[in-house]
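Structure provided below as structure tokens; questions to follow.
Chain IDs A, B, C and D follow the sequence of writing; residue 1 opens each chain.
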């Protein structure tokens, strides 16, 4: 194995902040030079609240949400079950164990290339970091589509505007921004911008990714999706995180933690997703 | 079943304080009128830190350590494993679930009777409450023997002195008080006070209780011991907390949670303890 | 608010008003938890295991906690059937839930005799037969670990009582479906699955087993996935009603068992941790049905969706060589 | 500081420098955890289960967490023995710990053929035989659930290789001692106990099984008491070395297995949660021996104190009618 491809570390980090910034949505930051210096957008961490605890047993995967001042890392998470509930109860100075950075991360657009970022709900977590990197590089044209169920769920608008990104917000119930689905907005934009060949970066629920991937493939556009998968280890040792590969290749399944979590749309068999 | 014998309740209480008052030894207090109004010395609570948690699974038993201002209850506990470690991490305002008061409690001495209280280590937990009650009643002569391994473990001396109790302190290494075992001191006192027929109340490690019980039986003195036992429920439904009964009675085993935790010394088969 | 959902189920000759039953050995003799709620509100109550003669049980320690589990070696301590019928049962008369006795023996005749003793007794609604006990006539392996001896026990109990007979299986077998079928053929009206899993724990400091009896039975959340699998196997194997148990802590766990086809469920270890566990499950199921607009709990029973769960697998189904895991 | 304790043990023809082995399926192909520590420091490494042909494995979801446990239905996905030997094994040459292949098949001949393929391969120190797979020639029940078919697999593997053969038992049987004896008689050099326990989980919201494969194997802390019991049973049944596993998370758990008589232990699920779990167990055992002044780890093995644990029970011992729990 090429160890340099996986310069991952396990670190016990001390929480700097852990704030509820939206309904059941928390932003956590902690200093860790080893992790921060290696982190790329699209990569993730495997986090454990208590190294002694046996229930919950498994670590939980979270995308790297961004970096602060080159030595602090952030994650953005929604409380959906017991692992995230435990996480949300932590206070400044409490510790967690984090393994990372894991996975491949996004392939950045070429110089001058137009990037369309499509985030559904917590899909904003890795795409925020990508936005940080792209807007800093200053040689891409970036447009972001951000969709949430309702206005209560909306987070990070100010921060994204602060990064100077061209932003379109949708909510399913129309309580904030445009009423509708983020995928429709992305689709319309593609139709309007027919002269350009943008590259799409999408993260969100499986159904959203499926729609975007299939449409991007149909339009013959480059498209990267950041997949989720039920992860046992995040380290490539359990083969739990299988995603069906398209075509009948040598590799019937990809492993999201190792081969992903970012995949080019045509790599995945979307029929079974 | 005579329900009035078990007026127990389950209450979620909010912690008032939780202080480390000695090495790994914590004093916790919380308001709960329902529990406080029913509590008798020698009774205990079954406590659970998180009603949702499955590990640790079982509640943990703790003696009622005393009452404050008629609506607050205290427990005193030593961190020995994961349940007590979780308890020790709680802060003011956090909640726990407590069931109680459970068990029979001490049979108080008759008016004017002399009471010898023998506490080994955390055995002080229920005996402190007994001391509160006996000194308040003011018609008993009370002497307490308090033993700890070393000076670091010693707690509550000032509070006990505040109650005006005649106190003898021993440590096994002699780092504070008299060097030696609390049982020896009790034994010597019995020999010196041969004119009186005191009643002994003992709580502490099984080996200590065994020695005291056997000597008290030999001297034909009344003696109550507060036993521990691995408890599944504390409610009399699992039969986990068995203690072998002396003699070949109808009842081969007592159940510490229901028949105890306080037993008259001659009730127990000390051979197997 | 809509009408209350219908929660009653039929567990083989015994209709109970809701599918939540207190499991044997974890609910005392029936009224110990009365200070917390009215036990009449439960579907049924199974009292602690009774034998012909009083049994002292094992020396302590009898229980030890394991990860998400409880290992017990109580030793089936009980006051004996006579004392139960004479002293305990009368005081349970005020409880409006059916009282089910759980019985065990060490010879087939012990079981038959227990059935005879119970037959005439008013206030006992059904008999649950614990076959996880050593068969002393045949080397001490539990009755329930062999289809023949399991069937013989069931047969002799059924023969000697007109009350509904529930046979409670042990999970410590190669093929639980076989045992279930044998017991069904012997005439049992229903089957409960599962009793505890054999286990042990060692105290490293003293180098001794943590239980005085060395070996014990594992219960609690740790066993839930295994219990659910076994219930599923038994539901496939027999036509009589199956009562599921093992690690049920809340109504959500209960629903998992109902979905795989359990007609009712039992609550065991949960009672020890949360004395209101069983009644909270009754209430949780009621609320769930209201929320999901389910008129009758029987709609849930066996409603597990297994077809079409993934397209690509259909082809594989025929291929027996597919490795399972 | 005193001299380092002797940690080496003999597991039936294979001497390993310490009793800590990485379990199959939880350590990849051998070097995936190298970023965290040098795998050479382990007693041995068992790579993921290999079959004659590459196997795709099951569709996702393949894993689900349960209380203190992990339910998996990976489907024994692997690249096949040829690709392993050709592509993976050479890169493992730098690892100084013995590499053990774990093999499985669907017919007895599959196993024999796997053994032949491995026989000549340098860099493979021993063979662990997974018999928890369905026997397609006999109705699909796992080989390991029947003494005869377990013995036949063991026999054919032993016949076709001179490498030490470890047979890995499934816990899903009535009498594991019987299977162990059959496998020993067939010539296995050692036995590992245990593979995963059958289990399932249901998603109440969708009414579907949580695993696409419906049924999976349970591992992790939840199973430790049961695994320990089974190891104890097998140690009593056979004379060949027994390797214990099931829920071992730290050196303390490892000591429990060594005390009941396991000659070595394997670390499985723990690797997934804590990538340094196995090496921390090696270090923990070393420190324990130093602290307890144990010169050789073999002093611990089987050192469980069972006599005199309680006086009153001695009489009972003869009485088979004593209920267990």
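We take it that a contact is a pair of C-beta atoms (placed from the backbone, for glycine too) under 8 Å apart; a residue touches a chain by one contact, two chains touch by 3 or more.
Since the structure is predicted, the reported quantities are computational estimates derived from the model, not experimental observations.
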Far-end chain from chain D, centres as C-alpha averages: B
Euclidean distance of C-alpha centroids - chain B vs chain D, Å: 46
Distance from the mean Cα position of chain B to that of chain A, given in whole angstrom: 54
Distance between the centres, which are taken as Cα means, of chain D and chain C, whole angstrom: 31
For chain B paired with chain C, centre-to-centre distance based on mean C-alpha positions, whole Å: 37
Residues of chain C engaged with two or more neighbouring chains: 57-59, 67-69, 72, 74, 220-221, 310, 312
Numbers and ranges of chain A residues touching at least 2 other chains: 54-55, 244, 272
Contact graph of the chains (line, ring, star, complete, other): complete
Contact set on chain B toward chain A in their complex: 52-55, 82
Contact set on chain D toward chain B in their complex: 67-68, 310-312
Touching residues (chain side chain A, partner chain C) in the complex: 54-55, 244, 271-272
Chain D - residues contacting chain A, complex: 25-28, 31-36, 48, 56-65, 67-70, 72, 74, 77, 91, 220-221, 249, 269, 271-276
In the complex with chain C, residue positions of chain B that touch it: 1, 3, 6-10, 48, 51, 54-59, 99, 229-233, 235-244, 252-253, 272
